[in-house]
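Remarks on the structure that follows.
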Amino acid sequence: DEATARYALILGDDALILAQRLSAWISRAPELEEDVALANIALDLLGHARFLLSYAGTAWGKTEDDLAYFRDEEEFRSCRLVEQENGDFGQTIARQLIFSAYQLQLYRRLVHSTDPTLAAIADKALKEVRYHQDHAAQWTLRLGLGTEESAHRMQAGLDSLWSYVEELFIDVDPLTGLGDVAVLPSSLREETLSLLQEIIEQAGLTVPDISGAYGSDRSGRFSEQRGYILTEMQVLARQHPGATW
Amino acid sequence: DEATARYALILGDDALILAQRLSAWISRAPELEEDVALANIALDLLGHARFLLSYAGTAWGKTEDDLAYFRDEEEFRSCRLVEQENGDFGQTIARQLIFSAYQLQLYRRLVHSTDPTLAAIADKALKEVRYHQDHAAQWTLRLGLGTEESAHRMQAGLDSLWSYVEELFIDVDPLTGLGDVAVLPSSLREETLSLLQEIIEQAGLTVPDISGAYGSDRSGRFSEQRGYILTEMQVLARQHPGATW
Amino acid sequence: EVGQARFEELIAADSRVEPRDWMPDPYRKTLVRQVSQHAHSEIIGMQPEGNWITRAPSLKRKAILMAKVQDEAGHGLYLYSAAETLGTSRDEMLDQLYTGRAKYSSIFNYPARTWADVGAIGWLVDGAAITNQVPLCRASYGPYGRAMVRVCKEESFHQRQGWEILYSLSHGTDAQHRMAQEAVDRFYGPALQMFGPPDSDSPNSNQSMAWNIKRFSNDELRQRFVDMIVPQADALGLTLPDPHLTWNEERGHYDFGDLDWDEFFSVLKGNGPLSRQRLEHYRNARDDGAWVREAATAYARRGQQDQSALLGA
Amino acid sequence: EVGQARFEELIAADSRVEPRDWMPDPYRKTLVRQVSQHAHSEIIGMQPEGNWITRAPSLKRKAILMAKVQDEAGHGLYLYSAAETLGTSRDEMLDQLYTGRAKYSSIFNYPARTWADVGAIGWLVDGAAITNQVPLCRASYGPYGRAMVRVCKEESFHQRQGWEILYSLSHGTDAQHRMAQEAVDRFYGPALQMFGPPDSDSPNSNQSMAWNIKRFSNDELRQRFVDMIVPQADALGLTLPDPHLTWNEERGHYDFGDLDWDEFFSVLKGNGPLSRQRLEHYRNARDDGAWVREAATAYARRGQQDQSALLGA
């Protein structure tokens, strides 16, 4: 139904935008192994996005590509965290750390969704997200405990993104009415934050004391980056409307 | 006529693309005075581009905006030098140094064009380009003779761009048949290079010994950047075809 | 004592205080804070609109926008100069901005998400700024008042341009009209909050009024602004998003609804949608440019040495 | 002496030389140069196609392209490992690339300007690479030959995907078809030049043949490639841009026209359209990542200390 589709869109858009952001690292990573690892994570997320958008599309007779390439900025539902710029490797790892912790808790619960498709997607995604979370945690430790510079940069990455953490846990519109189909974001808050706290402190870093940035309805009204991301992602598809590739 | 229009397009596209590149510095310059100065130069170039594209458009019944926003990548005629990324301030100044030296020699001669419109545009542009050239030369001296780091960065900027210098002096297609309407780029080579040599050496830097990069027909076939520039520049106009602003 | 008396005389006569004049410390501090905040607002204010320069939908609009953002840098420059006459250096003020100790107008922590926002910023934000600033042209501190005269002249030009952008959109395609209306919906409330909290909640205003820095209260200015924009919105063919907006015959003013002051104070505290991003943008630019400023300083010193050598010879 | 004899025996029997075996210095040097060049080509080769990941026109194509570029990083990894068995470290090889002392395939100094170029690179560039590499699976040096087996398997997959991109374009809209044809027009010549200069002009080949590293001459491989792509181009509905391309019944091969060897040598010397850009992209990534690699090293050292402490206790 439509509400489920709108829920799938929220999950799918987060995954798609983050995949898009991460893919820009390929050929630019600090070492070859990281080119491979970041591409892997981006590919996983893109895979999740494709399942979720395809599923959402069934409610409106649309394909994954219709939804990815022909929705406008205000129709996307991604959170601001995934829209933030890659920054340096520390900032990217900070974003990965926060988002994969949230996603891990989310999919752990979503495997029990009463919607069998969502449950199946979550099941497939879960072991991949476990790897993403581990990858981010390992790098957080390496950077936090590596050199003075790396600790500084990793902390700066966390500080820079922390005001977008709260948005992840807001029970926006279609979610509250979905019952056991969906996982209420607010229900993930505590365990996600405590997982983050554990890793951040283990890495000798500080959990930022920064409140959430105003505006958290995933409408894109409060983001300046989404437009740039979509402009680049959609340019070719829109130059050739109706074409197949 | 069409040949003159195509010539005006070459000059206009160079100015437009460089204005677009430079405008990205605004709010990001090393000091407030440079925000003002770079915006000034970008505005001048944009002004020249508007005159030149409007004039070119008369041959095809098109407006400046038709030409700026609704031509595709392969229809632009800009040189690769102006398409190069801003890089750091040293690279931007290197690009300004090279391009304004070329443009200064060009407009100095174009004021004598037998085409009265081109002569008038050149006349108006000339004193502005003189300022651009002076601005770039002053910064080249400051960076070349400033600190070790600044000299290194300024030299790196020159090295990075030098392979796109020769393209400026190629007598591409419409030019050779235009007689005294146009200024043959090849005729500007010697004096431009000697002006550059003078400033670069005065700044304690070295004229790079780097040959021209293969491909110099201004077709865009050899650029990967033009597509990105146009994607951003044209996105909004193309989302609303036929709209007025 | 003489200085104090002379200062009080100047204020009583509504004359200008000049940099050479003695002035009480709190007066100086208030001014430095206010003028530098104003300068910072110009600098940070370059970002939301600057964001659209590369994507402006026509070359004419691109040129106008570029010139406008350039003007903001210019305003910043002469406001910093005015503040410097009070004995605080530009570097010191920029450093306060860099470290987050200085404030700037909260409105710039909102995103310019669409092209219509550029119009709304021009019409509403610059409009509110002018309403605030016109009385400041008569501010008791001379350099500030004179800077404001220049600023106001350009700002009214900017407001006009913003209005024109919205007018074109409002009278364009359906999509353009919608874009314009949404931008006005988003900027109306924050623009009204630019005058600061309600008078009942604004402790510093009285002293500033007594010193002839401030001439009207926050609520007076807000009312003046609302009275100005209502007919302008009509002319635009756009709706202001306030159901309580009605002409009050008796007061001779428009009544308007309550504003979301929780949002205001939250944004003021640094939780605006883009508060961190704005500051980081500024910091990155400043960090990236450090080597250039060092080079310029080194080069200038070198020039002085060369001159000294010449003079010595 | 014993080693030399054993080495000659291995070569004569067309067996594998392994890292522990004695080998002549020039053999080792030739291999390090060839294998590291090959690895560098994989690394630099990520750029032209990587350029299109964010703009791929469908999510499926995006996923396939991302996986492909990732494979290239993977190929780089195991080719560097193969080269390391010859006693040169990866860092040393990367440093040669960084400083411009190492070569990589010139083809990657051409831009991928359109989406169709991604197809043409897959079909023609990977196609030429495979033609070159299949015989290398039997290269006398064991680790190299085995790495090539893995590489070839994935490359043939990539070639297929490139062909499919072009097929969709060729059978799509007029604009898509045109895009495909232009890409083939641009990449045909440079792809044929990937086999190196004509045999008459290729001095090092004989020794490599004698060592069972190289199995076929440049011209033989080029011919093999042309014979392969002509029917494939037919099936695509695209034209190869060579008027002299005709079937020669007598030779049992396609004849083809002369290539622009001036261009080839100019690009080889570093004057390719994007030679500087490719190297700068690599250098920037390496510079930007230096602090990360330092942190990883420091952290690993720390781990070892912790372990030593544990073992000591």
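Note that the chains take the letters A, B, C and D in the order they are written out, and that residue 1 is the start of every chain.
Just so we're on the same page, contacts are C-beta pairs under 8 Å (C-beta built on N, C-alpha and C of every residue); 3 or more make two chains touch, one makes a residue touch a chain.
This structure is a prediction, so every number in the text was calculated from the model and none was measured.
Most remote from chain D, judged by the distance between CA-atom centroids, is C. Centre-to-centre separation of chain A and chain C, using mean CA positions: 36 Å.
For this pair, chain A with chain B, the centres built from the Cα atoms lie 40 Å apart.
Contacts with at least two other chains are made by residues 232, 235 of chain A.
With touch defined as above, chain D holds no residue shared between interfaces to two or more other chains. Viewed as a contact network, the protein chains fit none of the simple shapes, being neither a path, a ring, a star nor fully connected. Remark: chain D residues 48, 51, 110-114, 186, 263, 266-267, 269, 271-277, 280 touch chain B in the complex. Remark: chain A residues 16, 20, 23-24, 26-36, 39-40, 42-43, 46-47, 49-50, 53, 64-65, 68-69, 88-89, 141-143, 145-147, 149-150, 153, 232-233, 235-237, 240, 242-245 touch chain D in the complex. Put simply, chain D touches chain A in their complex at residues 43, 46-47, 50, 53-63, 66-67, 69-70, 73-74, 76-77, 80, 115, 165, 168-169, 172-173, 175-176, 281, 284-285, 288-299, 302.
Looking at the complex, you find that chain A touches chain B at residues 228, 231-232, 235, 238.
On the chain A side of its complex with chain C, the touching residues are 73, 160, 163, 210-215, 220-224, 226-227.
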